[in-house]
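The letters A, B and C name the chains in turn, as written, and every chain counts its residues from 1.
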Amino acid sequence: MTAPVRLAVHVGRDVPDGLTAVLSALPPDVQPVAASAREALPEGTVAHLYCSDALPRRPATPYAVWRVPGADVGDLGDVPALADAGARHVRPGDLQVSLRAWPDSARPVLPFTRAGLRRVRDLPARLVGEARSDGVSWGAPGEHPAEAPLDTWPTLAALASAVIATGEELWTALAWAAPAVTDAAGARLLGLTPDVDVLVGADPVTRARLAAELADDDLRAARLARSGWQTARSHRPAGVAAELCRRLGVRPAPRSTVSGLTAALDALGTPPHSLVRRRARAATAGLPGAVTSGWRPDREEHS
Amino acid sequence: MDIVVCGAQKPFVRGGAEQHQENLVAALETAGHRVDLVRLPVAWEKGRLFDSPLAWRMVPVDADLVIATNFPSYFVQHPNKVVWLLHQHRGAYDGFEAGASWSDFAWDDVSLEEQRLLTEWDVAALSEARTVFSNSGVVSRRLARFNGLDSTPLAHPPPLHEVLHPGEFGDYVLSVQRQEENKRPHLLVEAMAHVPSPVRAVMAGRGELLDQVRRHVEDAGLAGKVELPGFVPDADLVELYAGALAVVYVPEDEDYGYTTLQAFYAGKPVICAADSGAVLDWVEDGVTGLVCDGTPEGLAAAIRRLADDPALAQRLGAAGRERIADLSWADVVARLTAP
Amino acid sequence: MSTPDPTSAEAVERLRSAVSPPAPPEQPPAPRRWERAAARVAGRGRRAAAGLARRGLTPVLRRAEVEVGSRVQRMVAEALDGDPALAQVREVSQRGGLDPQLIRERDATVHSAHVNLELLKGELRHVQTTLDELGMAFAPGTGLAGAGARYAELRESVYALERRLRTAGSAPVAPSNPSDQADPADPADPAAAPIARATPAEGAPAVLSSTLFDYVGFERRFRGDPDAILTTLVDRYADLLSDHQPVVDVGCGRGELLGMLAERGIDVIGVEPDPGMAAEARARGIRVHEELAGDWLRSVPDGSLGAIITTHVLEHLELDDMIELLELAAVKLGPDSVFISETPNPASLIVLGNSYLLDPTHVRPLHPSLLAFLCEKAGFRDVRLRFYSPAEDYHLPMTAVDEDAPAWARELTASVNKGFTVLNEVLFGPQDYAVIARTPPAPES
């Protein structure tokens, strides 16, 4: 067994919420350990994560910095910086951590498949959905929209050619990879880049026009949908943890135990009941351990 | 560097992709790399669609660089992965969209969920790559439209490029292709009925439709005007290219097609159809060839135009040769292995 | 795929039918029952585990883990009925295994408890550091442990001041330092009073009590590699000094340190009474005042200096000269400036027995606590001690025994090691120390 590699974590006065989540989501063979300047580093420490209020003049390298409110460390150059998504002190290029729950059962449906589903479900070929505080409205662009209760939003998020939303509804839309239009505050709050992850319109008329254009432009809608979905996903603690390891050059051991079929299927985003999972299980039925990610039931400890 | 080239293969079938992978291996070796080709079988039908991608996911590949080529070899996991995409799973994407008979995807929930999942898997696997190149503009456009991913078209020289050479402009148009449905061989046969003598057509290449096309020629009484020699050895093929008036290549939504480039190496104009896909990356109407409307009459008109005006054929052919002057495997290798 | 979800025909039908009447608040298509339950249980487990970990209740945590695990296992068994891979999962289950998803849930519980523990450790250490610093500020040299005594001392000083105020009536407040029995203050300049009153030093730094001793030759032979010494000094102090300019090196010698500081763009001034050394320092392009430190310091305006550093100088001074130098420094430095003095540490006996006695120009061993005390008395606000380079080469080695060695052997080893540790500290402790003292910050305007 290879020894785990350690990420030394230097915290200051407070521990940001997102930090706990990101550390919990580190790959299993990367262990976070508390560290301070006054004592020897634990064996196997390969990188450091400093909260900005505990950042010394000469940090040990390689390191990353978690921006804590009130302890501005400015531009860090190549050093990876992390921050809570949508916080005021976030700078462009920061890894943003969002603790919003990923909607249950959401799966990315890119515009091509959306069009197919609309056809199969007998919905308009071009369909724009909008979330408001009291409900949703939907319809072909330019026609009088129909109204529905807010809890039908996931259906629009999954099937519309383009959606208009902010806040939690925008998050849901991104989880379904909907081509989305929002306002400037909505984009900032979720850490999205205008024109890359979402389109931004200042007023309802502009947003409606942008959504109608998007519904007509397959290429742009596909790029926006893919990018928005990936960006939102990358803000989840697991995504941030993986990117942090990559930027710090921390590689889990190549013969990681997490190499089972299930891990591979999970990493690709396979839904729990899809056919390919059953096929994988059936194919490996005679090979215990293949499905359980290499975990062996006869082993006592498995942390 | 130690490089592993990854490719998918259907056992007992050899086509352009397999040849392409071997040429890539040879070019990388010429550049001084140690190269191995790793292949896994692939099944295209819906029920088994994800088996091979998942298998690729689990294949341990230790190398400095991994270059993946076609679906689903790009599902291989490696920290230094470069993709040079020949094609995705066409049945789930463009074949389905075009309603192609060879796609088993239909307008039902199961098909759409498989398509959705494949899209998600493709995005995940291709996003891991350091760079995604594609074989042609068509492949790049599909990747952008279906998966929202950007890629850079990267062209390479066709087989025989080192021996192909220009020659006299003779009295025949040449077609070099497998005689298969998406290549539309019947189109040229029907067009030849509208082309006056002495212009002939030589259709080189075997394929499942060969016998059917031969019967078509006989039934139409075109035996003297259309030759179907079947397999033609490379040396003869080079001379056929050299002596042709023009090359006819009218496939339906082709991914790449070596014929176009081979024609350009031989200094011949190419006549293609407006829906011929990647061929249109190269054939510009009135510049390097002629683009017809895809009807027998339209094709015949294009052939007649070149037969009547050999100077035009020469001019277009020279422009085509100009167009491929910069293509080289050394350049391809340099871009694929760039750090 | 058969799971009802937002893309299903039923969901779309809801969307369509909900046109006018507000539909009953029906849940959006839900994941399978056991999934929701599992997520809920796992979430609760995670929170509970984190809470327990906070209280350090490892055994309780273990129990909770097992409980979560077995409940989840039951749910899996129920949920997987009818799955084609059931046989395999059941087989693995019977051998103590679970569905991978749930193993991961459980692992995540344990993992996040670990993470929470680590973060708590980190927070604790931060508090510890803060307390240590507080202690050092209170009682240099001894930290928090000496804070109580130090506090009592301060209170005593305050009472003493009070008593004297009462007896002195309206007389100006006399400074409470050992030299206040010296000449009376110059009444014309009350601010400079305490210093002007002090006896002018006869030869401030590097005064030799012998005219025959070849100090330069001595230094060359015994002081060690000058480059290494310099680099160490720069590493230790350059950052701090660069924040407080201009920097004065009292007894700058050939100006090596100032030269390196100047290369970093720091504004430097040298004070060196020896003409030969001063000339060498000037040759490096450094501004050098060729006079005694006391004389020069008196000549500059109050509050005009950023930092004063002296290295291996104070131990060469008579007590009164040293006190005068410290007091002058406190006055001439601006608000929130630093005074740094590095000298050999006589509390480490190998230093006392070797290098200290070796140099005949050392007036007396200067104990860190004494120097810290003098700095405070001179008017510095925040006085800290730093200790450097323990004589580890001499350290008595620690002994290790196997875990399974007999108890008496382990006890013996432990007590020997404990003794060695104490000896190492006393005999071969840090060879140098520095006092880093700050002047009070500017009053808020």
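Criterion: contacts are C-beta pairs under 8 Å (C-beta built on N, C-alpha and C of every residue); 3 or more make two chains touch, one makes a residue touch a chain.
Since this is a predicted model, take the numbers as computed values, not measurements.
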Discussion item. Using CA atoms only, can you tell me which chain is the most central one in this structure?
Written reply: A
Worksheet item: Of all chains present, which has the mean Cα position farthest from that of subunit C?
Response: B
Practice prompt. With chain centres taken as the means of their Cα atoms, state the distance from subunit A to subunit B in Å.
Written response: 38
Response to the item:
Separation of the C-alpha centres, subunit A versus subunit C, in whole Å, is 38
Worksheet item: subunit B to subunit C: how many Å between their CA centres?
Response: 68
Worksheet entry | Residue list for subunit C, restricted to those that touch at least two other chains | 1
Discussion item. Which positions in subunit B are in touch with at least two other chains?
Written reply: 109, 113
Practice prompt. Check each residue of subunit A and list the ones that touch at least two other chains.
Written response: 109, 117, 274-275
Discussion item. For a test of understanding, state which residues of subunit C touch subunit A in their complex under the given definition.
Written reply: 1-3, 5-7, 9, 11-12, 14-16, 18-20, 22-23, 25-32, 35-36, 83-85, 87-89, 91-92, 95-97, 100-101, 103-104, 107-108, 110-112, 114-116, 118-123, 125-126, 128-129, 132, 239
Item to complete: Going by the contact rule at the top, pick out the subunit A residues touching subunit B in the complex.
Response: 107-113, 116-117, 119-120, 218-219, 222-227, 230, 251, 259, 261, 264-265, 267-271, 274-276, 279-280
Item to complete: Write out the stretch or stretches of subunit B touching subunit A in their complex.
Response: 47-48, 50-51, 54, 57-58, 79, 93, 97, 107-109, 111-117, 119-121, 123-125, 127, 144-150
Discussion item. Could you list, by residue number, the parts of subunit A that touch subunit C in their complex?
Written reply: 9-15, 19-20, 23-24, 28, 31-39, 54, 57-58, 104-105, 109, 117, 121, 123, 138, 146-149, 151-159, 176, 260, 262, 272-275, 278, 281-282, 284-285, 288, 291-293, 295, 297-298, 302-303
